[in-house]
Amino acid sequence: MRIDGREADRIRPLSITTSFTKYAEGSVLIEVGETKVICTASVEERVPPFMKGQGRGWVTAEYSMLPRATQVRNQREAVRGKLGGRTMEIQRLIGRALRSVVDLQALGERTLTLDCDVIQADGGTRTTSITGAFVAMAMAVNKIYEQHNLKAFPITDFLASVSAGVVNGQPCLDLNYEEDSKAKVDMNIVMTGSGQFVEIQGTGEESPFSRDELNQLLALAEQGITQMMERQKEVLGPIAERIEGRANAARK
Amino acid sequence: MRIDGREADRIRPLSITTSFTKYAEGSVLIEVGETKVICTASVEERVPPFMKGQGRGWVTAEYSMLPRATQVRNQREAVRGKLGGRTMEIQRLIGRALRSVVDLQALGERTLTLDCDVIQADGGTRTTSITGAFVAMAMAVNKIYEQHNLKAFPITDFLASVSAGVVNGQPCLDLNYEEDSKAKVDMNIVMTGSGQFVEIQGTGEESPFSRDELNQLLALAEQGITQMMERQKEVLGPIAERIEGRANAARK
Amino acid sequence: MRIDGREADRIRPLSITTSFTKYAEGSVLIEVGETKVICTASVEERVPPFMKGQGRGWVTAEYSMLPRATQVRNQREAVRGKLGGRTMEIQRLIGRALRSVVDLQALGERTLTLDCDVIQADGGTRTTSITGAFVAMAMAVNKIYEQHNLKAFPITDFLASVSAGVVNGQPCLDLNYEEDSKAKVDMNIVMTGSGQFVEIQGTGEESPFSRDELNQLLALAEQGITQMMERQKEVLGPIAERIEGRANAARK
Amino acid sequence: MRIDGREADRIRPLSITTSFTKYAEGSVLIEVGETKVICTASVEERVPPFMKGQGRGWVTAEYSMLPRATQVRNQREAVRGKLGGRTMEIQRLIGRALRSVVDLQALGERTLTLDCDVIQADGGTRTTSITGAFVAMAMAVNKIYEQHNLKAFPITDFLASVSAGVVNGQPCLDLNYEEDSKAKVDMNIVMTGSGQFVEIQGTGEESPFSRDELNQLLALAEQGITQMMERQKEVLGPIAERIEGRANAARK
Amino acid sequence: MRIDGREADRIRPLSITTSFTKYAEGSVLIEVGETKVICTASVEERVPPFMKGQGRGWVTAEYSMLPRATQVRNQREAVRGKLGGRTMEIQRLIGRALRSVVDLQALGERTLTLDCDVIQADGGTRTTSITGAFVAMAMAVNKIYEQHNLKAFPITDFLASVSAGVVNGQPCLDLNYEEDSKAKVDMNIVMTGSGQFVEIQGTGEESPFSRDELNQLLALAEQGITQMMERQKEVLGPIAERIEGRANAARK
Amino acid sequence: MRIDGREADRIRPLSITTSFTKYAEGSVLIEVGETKVICTASVEERVPPFMKGQGRGWVTAEYSMLPRATQVRNQREAVRGKLGGRTMEIQRLIGRALRSVVDLQALGERTLTLDCDVIQADGGTRTTSITGAFVAMAMAVNKIYEQHNLKAFPITDFLASVSAGVVNGQPCLDLNYEEDSKAKVDMNIVMTGSGQFVEIQGTGEESPFSRDELNQLLALAEQGITQMMERQKEVLGPIAERIEGRANAARK
């Protein structure tokens, strides 16, 4: 039995509020337990200099935490004058993961910027950001798709992410902060709707782990991600069908 | 008649949600029309080096906008590696204004940091931040007051802020973004519960203004601030009485 | 009676030395009491990227203090690697104030940069900078006007600035450093030759102020600014007449 | 058959030159094919402030590439004024991996800094850095162990790292730069001498991967790491026996 | 005959105005031809951390140019966020040169900071800074000497500096900007009152130079420095005698 | 007799390994005693903006030390976020010295960047960098010369550098670190193959020096540089003849 009463293979309550802010082309507030992240998708009709003239788009992400998203206040990175290593690592991961399900050719010479701003952090902020940013991105892409009459819907599959770890010798799904700080092994997994891996990051700084433990954690993650995608499909409604269409075509 | 149907002397709908996030000692979501700001108050049991050993506390503020709080996405200041002039100006104003109603001696050697993070910006973000941060600060100060059995309640009066400006030749209260960008004169006023001025900042870059116009804008501001303080008192409940107590004592 | 023997409504001795350095298109050394500022105006035949192709000019200002302009040496901002909040606030104010009396259309696609370098600081450095920079700017604009045969003289009115504050309960004009550090209310006012306000910045961090006090301070400022403009007109000579001409035309 | 004639399950020629520079407590030049990295271990008799007084040591790593380690010259990070995201990500990985086999208690209040400077980059610079830094660290730790008569040898197991990826549909071990830039899946694995995982980082940005592919890549990595550790043991000689001793004790 | 009518072995008109600003412990305006530099000496009763507890003092220098000290406006280093290489090189030179004539033991645990701010630049700003800073330093050191009753006067000899170069094939003393930009060889020399060299920096980027040319330039420099020291002695008056006393004692 | 047994007029053992790394157009490892520097020359087919369209090339240099090139580990400049003054001074010197023997017109609109990375520092790193960078540059220039069929070989003469100083009252050539830290006078000299000076930098911070001492140090340097050039010619082989050709033509 876990701290918050969950069983080992259960994710925390998941809520996705769409159109949380009004200016962004896509915007959600995602809540996984007490972790809350605002994800917005912004569209620009141009690509970074190194991609100009290739007819392809780009997807990038930025991640930040409000100073008091955590138990103890953190100094703002804008005040320190630079992004920390953890922030860079996370935003590179988010961008890479999202790009894996975008057909950059179909997107055309446009840049999507996904901003993931954590307003409350209780573990799993990077996986929650990916799951939420996917929804914001899908909404923004749908607007482009409709306004510009794109030939193909540029999102090729669903994408969600969850953490898993070994807590008190027990493989557990979706760790909260308290569990995370006690975990011996810590894993973040990103998967597509087709059940394939996009990212696997497993760390055993406190104690290395075996092939067996790895397999158990991956199995838990697969369960959690399936549940998350159901919720994504509900809130996306007809947009989900467009993604499904492309994914099915690819699977054949 | 104004763009959004308001009369010249009316503020926009005001909502203050307390305890919006769970870790901060004080936390509110304040909404003034479509402008939305998360204000948190964090307490540290120490003061900056230059104040050490004087037995007095300190109050400081930081202000930031999410990149897509606005119609067009702004680059993060953490990415640019420095705070912009506008940000610095605003956070200096917020800190100065809040300190004017705090008895730093009564607070003791503690630092209050007020973080004002704008999640949606539709004009008046700095005045909204002050009005919201006051409530978050009062909540945090009340916790200190009770936990440490302070002799006097360290907040000496109410404090709120509103903007006013001349739009199409007409003095108007609480401008939204569209009005603000057309205004010839732009004024931000901060007042105490006793009806005194803490800050007056009036700018006539587009066109200078007369003593008459100044007086009309100050009168509007006074009305708006009174309405805002009523709402502050409602959400603060018994804490408001403690502030009232100190303010009355001082007025005698 | 004040520390330096002045009456409450008197400014300190004012001296403006034109052509203080030889390369700048306009250059003055302004001395208000013991406060000394070098103001230079530099002309570039281009505007910042965001204004290109609109046929309008731009005016901007930078402000700095020599490290030992003050009683205790300050670290250079170039050494710290960034501008402080106070510096940014002041240079934004100077630029905004100067632009209010420049017809950017008449100026054409040119940038005027006003550098205000304080070599000795005894209170009122920002107001002194504005008063001095106006003269340097007028000299530079006059050169452009003559060299390029502009149709209209691009400066539309005079501009000067002074501080006022409440010291020992007494409203006083043009505070020196010692008075300033004791003042309960501190006000900086910028006015045009037509007697209108361009900027009003009043701060009562130590103690809030009433409408009455505000009115007294504004009245003092108006007197001080009138005296300063007389001196500006003397040193500008025939250039003053060109400004006067435009201002009169506008007043009709 | 691969570009350089290797079979899929072979690592490139591996060479480890110890005492490559003379001042560091541990220093190696490691060459994996054409990838060359100087790894030095520096010892300081103090720990970072956040660890003071706990009686435990710290291990940290820094990673950098000479500007012309690559086909096209890269700008120095010192010139840009900040570390890039890739650098931060890699040096965090190296530090985390090394700490997993250090008994920080046995090390005592000392800091080991591992500098990994890539002088030629032909793929696998981060895995090569880990394998080389382990040797440099062991040499430095051995000096401390002997000089300070530590009770236990502070390194608890061997550690090495290798990459694997799917190139032209074929799982391959230890990719060089040309293979790496064509790989659909890219994986970096760090393992201990006991055959457990310390880090698994798999990325399928170009194309997601299946559980099957994952298993094949992990099997290849295990082979490569075993070969690397043999070489580490040869160059470490008697120091290897001390590590072996601690690892065996732990395995029982 | 040179551009400004001088003969090859003549320095430009030299003027040193002492007590140019009022707060610094030593302060001069030095003018060498059209080059004008404000030099101030600031005293702090402490030394940098690396020198603490050794009973010795420290002398350091900072150098800067006002943005419009030159024909074309330069961007402020504070705005660029870092010191340029030229600035660093010059301020290291000034500090090194001044320290060569200070008895740091006799100075005691104090830091002298020499600020050299160029308000007009017409060649030779670094050599003019050294000559001027020496006077400001002597004034500040004299105050310490008197206030703290030091046993020995801490300045051991005079110090001045001048440039020389080969212009149109002709060795010339004290180049102005126009000459400097045409010079094939450019040399900056710092000498003591005893006629010894403290710094020789000769650069032949445009064209290398012979031993003969070197000797001619050194001979010119010696003449120029002798003239400059006469002026230093005049403005220092009785302080000059104290320096002379120490220098004579050392020469014996 | 010196610490390492050398006579006063002898340089340390000199070794130049060409093609030390494989990607750069020119690359050497230069060793002067225990000082080891990797010098690479990179070619870009463009010049900096300020030189565009003039048909001339550019040569620039960057200098860095690995953190543990020295007895005590130095913090990386990339971590501190800026280049130190010493680094800037040295890389400006290297660039200036190299440009003095390059015919920028003959080079055409290309940039040569010389990276000098010190992997072990035992005195004389800047002079060693110049001597080594000259060889790397010659190799890169030779490639351009052959690939683009340039009319003239763009290197006009040989160039090498050495240090000299007064140690224990004795003028000595090519100081190692231990000697350097005891030297009263420290001199770095750069000369051409024609025996002319390109740079002379002499510093007597600890104690000023006489014309006599200067002459002795210059004579020593001339000897050392001659020996170094012999070694440069050996490793450059036929390239040396091309340089010789241009130098002889110029001497006539």
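Each chain carries a letter (A, B, C, D, E and F) given by its place in the written order, and its residues are counted from 1.
We adopt the following convention: a contact is a pair of C-beta atoms (placed from the backbone, for glycine too) under 8 Å apart; a residue touches a chain by one contact, two chains touch by 3 or more.
What you see is a predicted model; the values in this text were computed from it and never measured.
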Magnitude of the superposing rotation for chain A and chain F (Cα, nearest 5°): 120
Candidate from A-D, A-B or E-F with the same interface as C-E, over half of contact pairs in common: A-B
Separation of chain B from chain C, taking each centre as the mean of its C-alpha atoms, in whole Å: 29
Whole-Å separation of chain centres (CA-atom averages), chain D against chain F: 34
Distance between the centres, which are taken as Cα means, of chain F and chain C, whole angstrom: 52
Touching two or more other chains - residue numbers and ranges from chain A: 81-83
Graph class of chain-chain contacts, one of line, ring, star, complete, other: ring
Order of the ring members, counted from chain C so that chain E is second: C, E, F, D, A, B
Residues of chain C touching chain E in the complex: 21-24, 27, 34, 36, 38, 40, 42, 44, 62, 64, 66-71, 73, 76-79, 81-83, 87, 113, 115, 117, 119-120
Complex contact set, residues of chain B against chain C: 82-86, 88-89, 91-92, 96-97, 99-100, 191-192, 194, 196-211, 214, 218
